Amino acid sequence: MFVYNIDEDLSLKLINYQDAEAIFDLTNRSRNYLREWLPWIDYVTKLEDTMNYIKECLTGFAEQKTMITAIVFKREIIGVSGYNEINWSNRTAHIGYWLGEGYQGKGLVTKVVWALTDYAFRELRLNKVDIRAAEGNHKSRAIPERLGFVEEGSIRQAEWLYDHYVDHIVYGMLVDEWGEIITR
Amino acid sequence: MFVYNIDEDLSLKLINYQDAEAIFDLTNRSRNYLREWLPWIDYVTKLEDTMNYIKECLTGFAEQKTMITAIVFKREIIGVSGYNEINWSNRTAHIGYWLGEGYQGKGLVTKVVWALTDYAFRELRLNKVDIRAAEGNHKSRAIPERLGFVEEGSIRQAEWLYDHYVDHIVYGMLVDEWGEIITR
Amino acid sequence: MFVYNIDEDLSLKLINYQDAEAIFDLTNRSRNYLREWLPWIDYVTKLEDTMNYIKECLTGFAEQKTMITAIVFKREIIGVSGYNEINWSNRTAHIGYWLGEGYQGKGLVTKVVWALTDYAFRELRLNKVDIRAAEGNHKSRAIPERLGFVEEGSIRQAEWLYDHYVDHIVYGMLVDEWGEIITR
Amino acid sequence: MFVYNIDEDLSLKLINYQDAEAIFDLTNRSRNYLREWLPWIDYVTKLEDTMNYIKECLTGFAEQKTMITAIVFKREIIGVSGYNEINWSNRTAHIGYWLGEGYQGKGLVTKVVWALTDYAFRELRLNKVDIRAAEGNHKSRAIPERLGFVEEGSIRQAEWLYDHYVDHIVYGMLVDEWGEIITR
Amino acid sequence: MFVYNIDEDLSLKLINYQDAEAIFDLTNRSRNYLREWLPWIDYVTKLEDTMNYIKECLTGFAEQKTMITAIVFKREIIGVSGYNEINWSNRTAHIGYWLGEGYQGKGLVTKVVWALTDYAFRELRLNKVDIRAAEGNHKSRAIPERLGFVEEGSIRQAEWLYDHYVDHIVYGMLVDEWGEIITR
Amino acid sequence: MFVYNIDEDLSLKLINYQDAEAIFDLTNRSRNYLREWLPWIDYVTKLEDTMNYIKECLTGFAEQKTMITAIVFKREIIGVSGYNEINWSNRTAHIGYWLGEGYQGKGLVTKVVWALTDYAFRELRLNKVDIRAAEGNHKSRAIPERLGFVEEGSIRQAEWLYDHYVDHIVYGMLVDEWGEIITR
């Protein structure tokens, strides 16, 4: 029900039980495509798994630890994005995102991450936003690069992906840098 | 962040920690006015009480038991409304609402309850929506009456209000009735 | 072990694990008969389900939220009754009851509800007792009517019963009314 | 509400919130007297402490771990007794008891322990009942001795009593022994 | 990882998940041998059961209620020992132990219990240590007897062992007695 | 009680309640010194705070999420070290450490981190160990540098330290690299 409009066609919707089927179907249809970079795909095999994930998201939201949204494009759920972790002591948040197969190349995730970054600074009063992407995942890395995030490190073998480790590139944006970017 | 637009000026926003100050201030400013019909006013005396209430609301939302929203009018929070209780076995929900002092008489709550009723049937696939109002609370009773809810009973001495009991009038709307009303 | 005597033959016994077999057997023997008005019958198919129900009852009792008893007639458990919900803020309680097949027509439930109503006012110092019965369940409705409860409303489609909705008639008794009735 | 009658004047009542005041008053009046042998007296200084104790008792009862009762004599609560611990694997229970000052010397506790022992074997199907009394507490030790319990050991310095340790005498009764005793 | 050295060959290691396989294998190899006196053997049939047991041990350790260790002899886990229960009010602890088949007769458990007793008095500042052994389990009883524990009682039919009850002999050691023993 | 010996004088001891006083005293004596780089110092003002911290550590250990030890040098607790976070999916652990004032400059932490790194690979079968140090904390950074950890990134404004943000340098060691280092 609850929506944050980014532009006429694109919005973020707080993830909710009513969206379970749409999200599970999207996962299912994009299974092979998503599996390349997402470690959890093989563990989501039935609607109930998505329901449990949504419960986890809403519990995290109730405890102010996460905020996960469905990405809605022209009234269809096409992906998931949000703050995977909010650290209130250090005032940082990690942003994560994935799109179902076939929705890439339209700049949608860039707009989503722009909105989440802006909201983190403006409304949540955070100091920093982080994005982590696998080194070889060029499409994913392009997002923070395009938005002016600074590459801060290459965390080697940070994630186990079914049968091999991948390195993570860490990108960071500080509130002051964001202020400059959006007033340019 | 998450908003459900009712019209250009009026929207519902999933209640959230960022709204605590606005809601507490609204409660505080309208304390005498609200106290006439709300039994919890005397127990909300500091910001922390509103924070706890919001946590309760979001936990209820994560467990699919409630859905509480801030009523936003021209970018200002002017009240609270939502489903105080959702019963999935019997497919019913109770709607509750209150407005801060000074926002009455504009038909805002009627629009809010219209939206919540419609959403309950259309999206949550419920069968019935209930509203309970104190017998002497004519402003509150006018809402379901205006929307075509059916008066189903008068539950005597249903609520303790600081120093006396009040009767509750129960109003109900069935999904079939709603279908007729909105296609008229 | 713990018993509240109503008359020589009839008593209420706080529901307990030692009673699980007797209650499950009673449920089983009366399955078709009870199914007409009780929505939970189909979910009680083995002794363990009754054990879980008893645990729930005793936990509710420990938290002062419910008080469920076995109805004992001539040393045999013949039904279940009690306060399904106690609201201490508003000082009300809902009374519920069911008898196994074959024990009807002796006025036993009337005596049980008399006792529970009296105890609610005298010992728990409540202000009101409610009973809800399905509209078509004439045997159930006869109990509050016989005891002088006031019909307060007809809550339409209040309960889902396997394949259809039933309306609930709400009956209420206030402490002052009870005082008059028993001193008559 | 729930009572187990021992004789015309004496009964056991499942401990309940309604009894909190009576039990707290009894504790208070007998404070100096009880303090000689009960280690918890100094920690019960206000009604709320007794309320918490009752909650603990009822939670233990809901979990089948304990069963604590108020001893009622001529409609007045005069003490507390029950199974402090039930071990279902080994089928044993520990019985504990205390009387307020001034009720001793009437054989009341003997009757209570008789009833609890009998119930443990007959209804709970336990194999053994234990009683532990401080070595110097002759009034307490007289109870199991009178009922034919067998002295099984002297557990040295088993309990810390404010400023010194006391030894515990352990008394046991087996189901077979009880069978002989009550058929004699 | 964490070890308490008793002598060059013998040590106690806080039980941990890394030890699950070794402990489960030891249990399995000694199944018939251990079954004579241990009631839980039949309930440990797969590695997961030992994992759950270890979790229980570490939770008890985190709550200061128990402290369970693996007995390590020449780098091999040969048994389990520790405080099964610590009572901080009365300052007592129960010591338990078992060895896999084939490790008896070397005085290893005697050394282990010596160490645990000494640690209880010296570091935990307890007042008493208890050991309970089945009456017919002469090997087990020899341990406290050899160390100078005092026999305090014979608790009849204290434990159910698959198909029969066994009596428990209780042995106790006070801090003062220990002081004399170790300075002799 | 439980100790992992690094050399004759230096060992790691699983943190435990018996160490609370020593750890709190160490914190207290080194308060000004530690405050420069540790954000939690101001929140530890009484023994109870350290007790709560120890409970948290042991709960994390029981759940296999952390493993925190006291650093013991010549029988005295001089600091705290351990795995602050173990990620079993990605098989990584973060190592943290602090020493009380006056114990620096002896290479003790280097030995401790050597031992924890080795144990992580050898016994826990992890793939990677991380260390994060504030950029300006040269003493802290020297540890991983000396041990051959690879600098993987500079995470800007990663931590809020009372009144300013500090950057974190991330150092990583892979299991394969460690294999080469220790066989050199």
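The letters A, B, C, D, E and F name the chains in turn, as written, and every chain counts its residues from 1.
As a working rule, a residue touches a chain if its C-beta (ideal position, glycine included) is under 8 Å from a C-beta of that chain, and two chains touch if they have at least 3 such contacts.
What you see is a predicted model, and the numbers here were worked out from it, not measured in a lab.
*Asks:* List every chain that touches both chain B and chain F.
*Replies:* Looking at chain F and chain B together, the chains touching each of them are A.
*Asks:* Just to be sure I understand the contacts, which chains border both chain D and chain A?
*Replies:* Both-contact set = empty.
*Asks:* Which chain lies the greatest distance away from chain D when centres are computed from Cα atoms alone?
*Replies:* A
*Asks:* What's the farthest chain from chain E if centres are computed as the mean of the Cα atoms?
*Replies:* Of all chains, B has its centre farthest from that of chain E.
*Asks:* Could you check if the interface between copies chain A and chain B is built from the same residues on both sides, meaning over half shared, or from different ones?
*Replies:* At the contact between chain A and chain B, which are copies of one sequence, the residues are largely the same (over half shared).
*Asks:* Between chain B and chain C, what is the gap in Å from one C-alpha centre to the other?
*Replies:* 32
*Asks:* For chain B versus chain D, what separation do you get between their C-alpha means, in angstrom?
*Replies:* The answer is 52 Å.
*Asks:* Going by the contact rule already set, what residues in chain E reach two or more other chains?
*Replies:* none
*Asks:* May I ask you to sort the chain touch graph into line, ring, star, complete or other?
*Replies:* Ring.
*Asks:* What residues of chain C sit close enough to touch chain D in their complex?
*Replies:* The contact residues of chain C facing chain D are 1-5, 12-14, 17-18, 55, 58-59, 61-62, 64, 67, 119, 123-124.
*Asks:* If we count contacts the way the header does, which residues on chain E are in touch with chain D in the complex?
*Replies:* 39, 89-92, 127-128, 130, 150, 152-160, 165, 170, 172, 174
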